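Paired with chain B in one complex and with chain C in the other, chain A is shared by the two complexes that follow.
== the complex of A and B ==
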């Protein structure tokens, strides 16, 4: 057993409101500079939709991730030794700028500096790449909230497993629904970007598993851009180097949460340490034949930080006590392993992503029932406009799991995103989420009786304590509950490189000009 | 243990090297060594003209200073307008004598060697003059020798001591040969310019700096010299009926053809590549103002 530590994340999609605050926080800190204008290390997509870059999930276009033929080992789909060599001077599957979008700004100064004239001045859009006026054709969240549109929602690669009838049902006006999918680099355990780099510039940090690109070693082959199935490695046209999400490691080392997580207004993001068995990576990636089994196998690699044998093996590998403590307190461990609520995004790419998603329960399926709103009308001002259309949008249900079975999203759609097609897995999670909701409804509102609450918990396989735990971490959790960041022990890293005693006696403050009566 | 054995080996190696060096150095004088290495390719002492003049008694005809300057760089003396030097240059078919970067002592040693072996000198009676070893006369050469020489010249047969092939620097106009290099003189008419003795002397003991360097530790054998001379004689004899090679158009067309083949090959590799943007259909529909 080769125990290693990985900083891992959980995004709770039920709580995401699609406000893009995370994207802006990331942009302001990391990618607001020449050559990086088009990059969004963190982006938020509307699902169903085509995402950013367009159709990134369709690996027949971009050739990302690993592919496994029966009986053989997993191989990179679009890179590798021979393929890399054949295409080394021209990588044929690269996304072009139009697959992302051409970044733009507006000539705001024209609004206030234009001479007086007959017309209002306008701020024309200009390209951030050429600096010339342009037509805006696309943006990084161009399909925001556009569920049902033929160009975006209906082109979603995840729909390919759904029958035409199912797809049609999904986009009927009354059933139309969507949710948001925030994405950052998954800091995978089996990263395709690392495997594809001909220069060996990409590496996974030993102490916390953050995947980084060494800017001095990168030689602009751009194999990582195609190899990453999540399209989270970007080419900077200004510096001629590739860049990607660094999980705000300078912030992590100082004990802060990454900027996207810190700024999240929905508090959907959780971060913590996970322990995993590095020996089993090759076994899982190369020997598991069916994609459906990958999720269980990946979750099986994640180790119990309370187990004596794991702790012993971890200490032998040099994992410090503080990191082990953080692993035991990790909210990610609770969501992923203890409660089994979170799943990786597209496990079939076989990169073993370490960012997990709690699938969305929303939208709740509602039924329409007859109701008389006449009483209510009397309370309103006579001038107020009022339709007594006689129906009620009713979200309560008689059957326990009626809403899940009749969910507006076919479970197949969620399954193709989070469990490589295993609908039962999605259903089990949605049941748990629903059970906690019904249980809390009995507690706080009281319109559900105790028997029903106990029955749903039992049916979903939860106890009252677990339900309280899930409720706490979902709805009440404080900053320190959501982000359990282990000390980075930079002092040890620094001592490996230089003698810290050299700086003794040279700290404190000094003078720009020599003091007159000084030494 | 091992170091001891090593030490014995190293010491004996040095000892042997010393013995051979001594034999080589002390067996002949400095002047004799230099003359036989360099001068004898073109000059005799008391045996008549070769490529350059007979040097018998030259120490009496010219001053030591003039000889020193001429040996060191004959072209410099000729260009300085020296009438004797210019006349000699014209007389001997304008074949420049290569420069020799020797010290005054070395040149003095050569001159005294010439004096010793000139008629009336102490060595002359003994040696009867100095000339290159005559070897087999070229009249004995047959078709087999010409063929062997051709193979040597073109590099089909490797030179025995590993020296570089002639046609890497020289060209000879001959239909049976592929074109040679343009780095050094064209040898088509070398035989009529230099004669049998000259060609043999230069091939066997090259005096020109680049050639000297190239063949210093890899001299040609006597048979090789004979065969090559036979071939050059043959090439000279038939030169008027041969065609000069022109590689330029040939190279251009083969280059273009190669590029075409490569393009087709790459086209095969990239047939399944991603062309343009995934969003092209959407963009094409959008209203454009620019």
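== the complex of A and C ==
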């Protein structure tokens, strides 16, 4: 057992309000530069929708991630040693700027500077690449909130497993729902970006699992952009270097939360330490044949920080006590392992992503039953009668129990995102979430009776204590409950970047070079 | 004429060699960040496919062709002793020359005509593309006017280049060559000397080590396991990420 620590995040999707504060916080700190304007290390997309870059989940287009043929080892789908080197002059699978969008700004000064005239001055959009006026055809979050639209929602790659009838049903006007999916780099355990980099510029930090690109070693071979199935490695066209989310490691080392998490309005994010067994990475990636088994296997790699043997092995590996303590208090561990509420995004890409999502209950919540709206319809203008489809959309808590299957948002859709198609897994989680609601409703509102509350808890496999725990961490948690990482030990953090012994004794001289004489 | 010959065929190669060595090493040490070719595929990919593919594969073939004639002249001459083989070799090489020309012109047209590429095009990019075009055209003219270059290269140029490398320059044979060929040689020296000042430095960092490194890379800034080993030197650790 090779125990390592990883800083990991949970996104509670029910709580995300799609405000994009996280994206802006990230942009302001990291990517508000030439060549990086189009990058959103953190982005929030509307689901169903095509996402950013357009249809990133469709690996038939982008060739990201690992693929596994029966019996063989997993190999990179669009990169790799031979393929990468042969395609080095022109990478046939590289997305181009138009797959994201052409960055633009407006000539605001024209509003002020234009001479007096009969017409209102306008601020024309100009391209941030060429500086010339342009027509904006795409922008960040172009499909924000556009569920049901033919160009966006219906192009969602996750719909491919749904039958046409199911898709139609999903986009009926009254049934329509959507949710938000905030995404950052997953800081994977089996990162495709690292594996694809010919220069070896990308690496995973052993101490905390953050995946970084060394800007001095990156030489614009562009393979990581293709290889990352989440399209979270971006090419800076100005510097010719790839860049990606750094999990705000300078902030982490100083004891601050990453900017996206710190600014999150919905408080949907939880950050904590996870211990995992690095020995089993290759086993899981290369030997598990069926994609649906990947989730369980990946969750199985995450270790119990309370177990004696794990603690012993961790200490042997040099993991410090403070990290172990943080792992025991980790909110991520609770969501992912203890309560089994959070799943990785698209585990079938086989990168072993280390961010987890609590699938949203809200778009599912509303059951359908047949109803006769005839009386009501008679009173209406004929033009408005199209809504009379004979369904009743019941959103009351009471009715939902047991009808999750007929929910307005097909579980299959969520399953294709979070569990490689395993609907049972999604269902179990949604049931738990629902059970906690019903239980709390009994406690606070009182319109559900105690037997019912106890019955649903039992049905979902929860105890009252666990339900309280989930309720607390979901609704009441303070910042320090959501953000639990060990100190990076400021005094040691510097050593993550440079060898402090070199500068010993030179403090105050104002230089960081070695005080060393070659000649 | 002797002075000019001496300058172009002795002075220039040594200058180019020194500039190349000092320049590339200095640039690697001082501005490692810039040590690559600034890829523009992200901004424009379709024309690049035709340009870059034709240019790179073509120039690789031609470069290794020249290198072969330099390294194993005797075998090349023997190979060419059969007229048909000679013909095939020459025609292939000429075809690759045309491919390179097509590629590099595509790249130039693309650079100039696409407004998106302007902000990522430096003056040296244009200079080096222009020089390469001149060099390739000269090479093609040489192939047309002074036929069977693969044989006379091995017979005349290889001894000359070798004499340069062993620091006993002997230009007696080369200076008798027609000017067309001499300019092709000079062009090569100029381009060689300009490598450190252009995007061409990327050919010095071709990532072949990728072939034998493991796919995954995990770096420990502070390998506590080692630190705790009382037998390890305390200064063993260097940050692996810099």
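Note that the second predicted complex is superposed on the first by the 453 of 519 C-alpha atoms of A that agree within 3 Å, B and C clash if a C-alpha of one lies under 4 Å from a C-alpha of the other, contacts with A are read in each partner's own complex, and residues count from 1 in each chain.
One rule holds in what follows: a residue touches a chain if its C-beta (ideal position, glycine included) is under 8 Å from a C-beta of that chain, and two chains touch if they have at least 3 such contacts.
Please read all numbers here as calculations on a predicted model, not as lab measurements.
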Combined model on chain A where chain B meets chain C, clash or fit: clash
Partner chain(s) touched by A:96 [first = chain B, second = chain C, both, neither]: both
Partner chain in contact with A:9 - chain B first, chain C second, else both or neither: neither
Touching partner for A:205 - first (chain B), second (chain C), both, neither: second
Touching partner for A:135 - first (chain B), second (chain C), both, neither: first
Touching partner for A:222 - first (chain B), second (chain C), both, neither: second
A:271 touches, of chain B and chain C: first, second, both or neither? neither
Contacts of A:342 with chain B and chain C, given as first, second, both or neither: neither
Greater chain A contact set [chain C / chain B]: C
Residues of chain A that lie at the interface with chain B and also at the interface with chain C: 90, 92, 94-96
Residue ranges of chain C touching chain A (in the complex, touch as defined): 32-33, 35-45, 48-49, 52-53, 55-57, 115-116, 118-120, 202, 205, 207-211, 213, 215-225, 227-228, 234-235, 237-242
In the complex with chain A, residue positions of chain B that touch it: 269-270, 272-274, 276-280, 282-283, 286-290
In the complex with chain C, residue positions of chain A that touch it: 81, 84-85, 88-92, 94-97, 129-132, 190-191, 194-195, 197-200, 202-207, 212, 214-216, 218-222, 225, 235, 237-241, 316-320, 492, 495-499, 501
Chain B-facing residues of chain A, complex: 53-55, 61-62, 86-87, 90, 92-96, 98-99, 133-135, 137-138, 151
